[in-house]
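Several structures are given next for inspection.
The same chain A turns up in both complexes below, where it pairs with chain B and then with chain C.
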Partner chain A sequence: MTVIDSPPEEITVAPEAPTKGTNDLARRVGSWVVAYLGALAVFGAFMALKGVNPFVAYRDMFDSTLMNSASLSEVLIKAAPFLLAALAVAVPARGGLVNLGGEGQIVMGGIAAAGVALGLEGKVASGLVMVAMLVGAMVAGALWAALAGVLRVGAGINEAISTLLLNYIAIDVLLYLISGPWKDSAGFGQLASKPLADETRLPTFGSDGRIHLGVFIAMAAAVGIWLLLRSTSWGFQLRVAGGNGEAARRAGLPVAKLLLSGLITGGAMAGLAGAIHFAGVEGQLRPGMTFGFGYIGFLASWLAGHHPIRIAGAALLLGAIAVAGDSLQIDAGLPAASVNVLMAFVLFAVLGKKPRLAGASR
Partner chain B sequence: MIAAQAATDVGGQLLIVSVLVGAVRSGTSIFYAALGETISERAGVINVGTEGCMLAGAMSAYAVTAETGNPWFGVLGAAAVGGALALLHAYLVIARGANQLANGLVIMFLGLGLTSLFGASYVSREINGFKPYAIPGLSSIPAVGDILFNHDPLTYLSFALGPAVWFLLFRTRWGLLLRGAGERAPVLSSYGYSPERIRYIAVGLGGLLAGIGGAQLSTAVALTWFENMTQGRGFIAVALVIFASWHPLWAMGGAYLFGAALALGPELQVRNVGVNQFVLDALPYVMTLAVLVVLAKRSFQRAPEGLAEVFDAPPVS
Partner chain C sequence: MSIATLEPSADRTKQSPSIIEVRGLTKRFGDLVATGDVDFDVRSGEVHSLLGENGAGKSTLMKLLYGVYQPDAGEILVDGVVHRLDSPADARALGIGMVFQDLRLIPAFTVAENIALSLPGGGFRYRRQAVERQILDAGAELGFSVDPKALVRHLSIGERQRVEILKVLMSGARLVILDEPTSVLAPQEVDGLFTAIRSLRAKGLAVVIITHKLHETRAIADRLSILRAGRMVGSGIDPTTVDDRALISAMVGREVPPLPVERSDPPADRPAALRVTGVHVRGDGGNTALHDIHLEVKAGEVMGVAGVAGSGQRELYEAVLGLRPLHTGDIHIAAVEMAKSDPGAALALGAVGIPEDPISDAVVPGLDVTEHLALSNLSSLRKGLGIDWARARELVAELDRQIGLRMVAHDRTVADLSGGNVQRVMLTRAFGVDCTLLVAAYPSRGLDVATTRRTQELLLAQREAGAGVLFISEDLDELMELSDQIAVLHNGHLAGVVTPGEVDRYAIGQLMLGGSE
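Now for the complex of A and B:
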């Protein structure tokens, strides 16, 4: 650290980032380091219990996650749907709404993309099919979220509960389609839809041709949502409506419409996540293809305090952990899902560290 | 062989009876979890991690049963592990101020991770789990006997637990304190009680019951263990608690309703009625939403007041 005068406390650098003293910053960084090391230690202990040398396992996980370009692209590919799923939580949260339905909105997005592909493939230019898939998925995700929104503003049904229930209905719709009307007859008994034609899969970039267009779409969406929430009057009004609905109503704001629009925008982001995973990675619908994405997105949003740009960082972290899980399976012979233990303790460290938000819990 | 067995049973059993038998059989694990979640939410803490507690219970029960040969030890293990996970949730939300919904999801992922880590070696193991025990006399009553009196011991235990939890919550001093912790925590404090301590106990009990629910699933119904075997039953339980307006006996009915929907598909297929299983699977969720719409105002008025704060997320800047 260079010896410069730390800025006086009262000067604020930016409205979003209140100035912290260097001491405070050091303490914050220190406590984060302790938290992450703690999470690594706990998971290391569990691995040791299973007879795996944690030091070797961590080295392998690190090497195969962050040390070569192929695995780095893997992290980006995993993080992209997490990022969109987290935006699906962050926008409604601005209006004080809890969207636990990313999981289902993602599935609906994937279904819509597949449906568009089934209907249009071979009939119009593949570029057009792609655009239609992405738009269709956003509409489907938005509609699925709108259901919960209408129940909330119309009947007063809590959106956390309705979105949770709608997740299961969406999954059943997916399973119904791929076991019935959309079943791939060449699927050898596996439940799956007909694979996308190569030319309708999202274009890929980079030397290894793995990073697909969806990664850039997700990044652009984060910046777009950030600007939308920060710089438009809609973003401001949404926050006011979420902060004190009664006051907002008296000030003449259309609170119900604002809340609905927040959920719909979130749902569109989740739908997009389903589309890019379908058209960029999977190429066909299959059961459980996006299992956990919505919930991981929920946690990424919480990890980042619902801030769109910080969410990108949280999504990358969780994407890296997910990729590390694959390495755990290949190198250490432990099930890939074991890495959820590591993820859980990282999240505990962060969730349990936040200052109590008013009303978050008593 | 099982299919052939079922097919021969078709002639002897009415569809409605078979479905009700299946309702109790596959509803019981959900009922345990919903009962636990009712206790927890009555004290003001929602545990979306019930799914993780169930999963941990299912895996621990299976592993302990495989190692000891006695499923009752498995149940003890399941209760302990499910309770421990729930206590971790309680600690983080009560003492560390973590958001209940987010932290619950983390508990779910922790349960998934732990059980895949420690359960992998049990995937192909076989166990001597719970067997159905036909209660002499009662089980020979036509229809009713099959539906109610030819089950595994954990199912019989659950018959008693529903009313017992109702009594505990609504007819005892401790139940009053517990509900007080969920409704009027400051009042409780002013009388010298610790709402925090009551919540720890309630959340722990909730996880313990969810763990036993998991045990019933793996050691009495499925008699197998595989990764993520609860497949959302814990989330169903959380939704069910609202469906049941935080009432233990309604939770029982709700759980069997879910069980019936799960059982209906296979029973229809045995009878060569072509219905897509997944359409039936969606029914309970659609029904729950419909019930919420009908009861909307009333239902949420019955919610413990402490929960309102969880659902009304704090605005973020």
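Now for the complex of A and C:
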């Protein structure tokens, strides 16, 4: 440290305009409300075009999701894998990486959980099987993401492309397994793996016995990732690497390792999503079992500015929209996929409101 | 002394009419008054020097005259008539031309093509031969030799500057504004520029030259004006009536203490803090950017690095700090060879850098001052898996006090700060680390005079503390003042190592331009 005399008096702090006030709470809340109402209005127009009264449809959607405990449980169960899939996007995003491979990492997680169950069921205690399923799924998701990570730091191949392409491979692996080696012989020709034994399914809670352990695992993961990013030296370094890779390199940070570890951590979260969906809801592998979770998670992470706690809120919102989609189909006669249109409008509205830089928020 | 005693000059241009005159010109950016109530005039047939520190408002004033900005108050008179200048096109139509500091020529185009782009009434067709003849004629008239067929990327910076001036003149300018034109030139090129400016003056044109170098003002200017913190503190002064001290205190608002002249000689038997042996380095384009460089910086020595912009300074900085792989040769820091180019390894050996371009190479969006400084102290701030931010804040407060460069509030986001305040953060960070080798690239860029002086003191303090200092600068005066020796780069070659006391600036300029010692 250089110390010479006392600092000279004549050096003054250079004038600096105050930061533009984005902290005005009322305006911030206002702009959120406008964004969401805008998305609802556009989707309402879409429904009106299809001959559905949007006011009635929105009331039905609201009633069917939030007004009874059974559908509230349903929202939580839907939201849990969304939340984990979104964390799979948020962690790499801190390092400036775009993980479009949540879908494939979820599938690999599901496959690993199924594989563990096939190998261990009946041989060890069911609690142990469950733990092994969860851990195995995290490892599988992490490895699947690590493939793209190694390609990125080793050969400079864009991770957005490679993770996306790995999705298709993962789905093909799933199809191969359930139509070949792991095919359920008692499945009446349906492509599916052997169902999980009841005692190795994730335990459930609540009055209707539908909320499974995975919901709590997902919430704990969100808090854990939040702490990891916010309070550890690793999280800080990842943020530096994502904010300005050259600055990180010049500060002597191990940039390649940081990016790789960010992608691996994300992949583990996606793998976990695959495991809880497999062991908590589906009980067997089947084609399309995770259809779109990875992409909805991507949406949730961007909606929430890649902030783990806000992601939990976004996942709940998207979970509610997904459940409402059922009512849309039943009550309004629109295809269930119409809710994807609503989700897209919400995303556009929020992204249009304020473009967020990856890794910019703390 | 107070500026009120600086009298407007009664010089030979007094009879000439003003081409341009401004009254009460004010421009605000938010709360910041960039220029406040400025009066200023330029007459035909004069060279008018506009002096001021970085951030004094010189460029803002000139951009107001050139129509880039519009004033919040005040008026601009051209040939005695009030005009609104809504765009540079308006200014050019009135005969006002500007040559920016960052030259705006297209490197892949020829001189003629570049000039044709800005000629008025060019129409759709490019009449190559006509334009080329015009350029030769205009060049001959002004005593410039310019080859219209030459590709701009083959020209030196000085030649490019002359093309810019020619371009401005050929599009009909009677008043040429030159924004810090000498900052990128070798002394010989400065002489060439001044010869060109004198021939413009002889033709009855007016030239405004923005600068903060007094000896250049004295060499060329008929009158001078001084801006300080957006206010005109002296307007239209005859340079022969004031001395340098008065000018500096007018620019700075107080007297600036001189650097200590007495310095300990670096003992000859000191170990080398940096030894560069036979280093070849490739540039970004795959070309060889450094050729067979041999250089030794002893502990307790300041080795200046001079050279025309783009002579290999950036590549040298990056090679020494392990940021750019060596093609051949090796680099020792404190007698330890850097096994491979790795910034972490260079840091571990005690090599610290002050980057040339902090925004792209050191500033992380969203991070505040404390976080930027913590980044270079992560190992000492570790607390379990986390970072001891409370201690980081204390450390930064302590550093700011000791280094004395007065950073902005430590919770401000660095990416939002102005260049000068960003630079203070970079400097405080670099000076706050114990180092064996300090590699400083243009450390005083964007700083005011007092802060520059403090920065120079801090560089010398590192030298006293026994660090080797590799000091890259484009300001020969600063290099001569601070360096024990100066290594001169020309086109990626080490053209020579000279001792400031033994040679003059022209000898260094000769080396910068590729001549022999």
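Convention: the second predicted complex is superposed on the first by the 330 of 362 C-alpha atoms of A that agree within 3 Å, B and C clash if a C-alpha of one lies under 4 Å from a C-alpha of the other, contacts with A are read in each partner's own complex, and residues count from 1 in each chain.
Keep this in mind: a residue touches a chain if its C-beta (ideal position, glycine included) is under 8 Å from a C-beta of that chain, and two chains touch if they have at least 3 such contacts.
Keep in mind the model is a prediction, meaning the values are calculated, not measured.
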Touched partner set for A:Ser231, first chain B, second chain C, both or neither: second
Partner with the higher number of touched chain A residues, chain C or chain B: B
Touching partner for A:Asp198 - first (chain B), second (chain C), both, neither: neither
Touching partner for A:Ile161 - first (chain B), second (chain C), both, neither: first
First, second, both or neither for A:Gly243, with chain B first and chain C second: both
Contacts of A:Ala251 with chain B and chain C, given as first, second, both or neither: second
Chain B versus chain C as contact partner of A:Met343, first or second or both or neither: first
Footprint overlap on chain A, comparing chain B with chain C: 239, 243, 357, 359-362
Residues of chain C touching chain A in the complex: 29-32, 55, 254, 257, 321, 323, 343-344, 347-348, 353, 355, 360-367, 371, 374-376, 378, 382, 385-387, 399, 401-408, 412-413, 416-418, 420-421, 424, 431-434, 448, 450-451, 454, 457-458, 461-462, 465
Interface residues, chain A side, partner chain B - complex: 46-47, 49-50, 93-94, 96-98, 100, 151, 155-158, 160-162, 164-169, 172-173, 175-176, 179-180, 239, 242-243, 292, 295-296, 298-299, 302, 305-306, 334-345, 347-348, 351-362
Interface residues, chain B side, partner chain A - complex: 44-45, 48, 88, 92-94, 96-103, 105-110, 112-114, 116-118, 120, 185, 195, 227-228, 232, 235-236, 238-239, 242, 276-279, 281-282, 285-286, 288-289, 292-293, 296-297, 300, 306, 309-317
Complex contacts: residues of chain A adjacent to chain C: 1-4, 6-8, 10-17, 19, 231-234, 236-237, 239-240, 243-244, 246-254, 357, 359-362
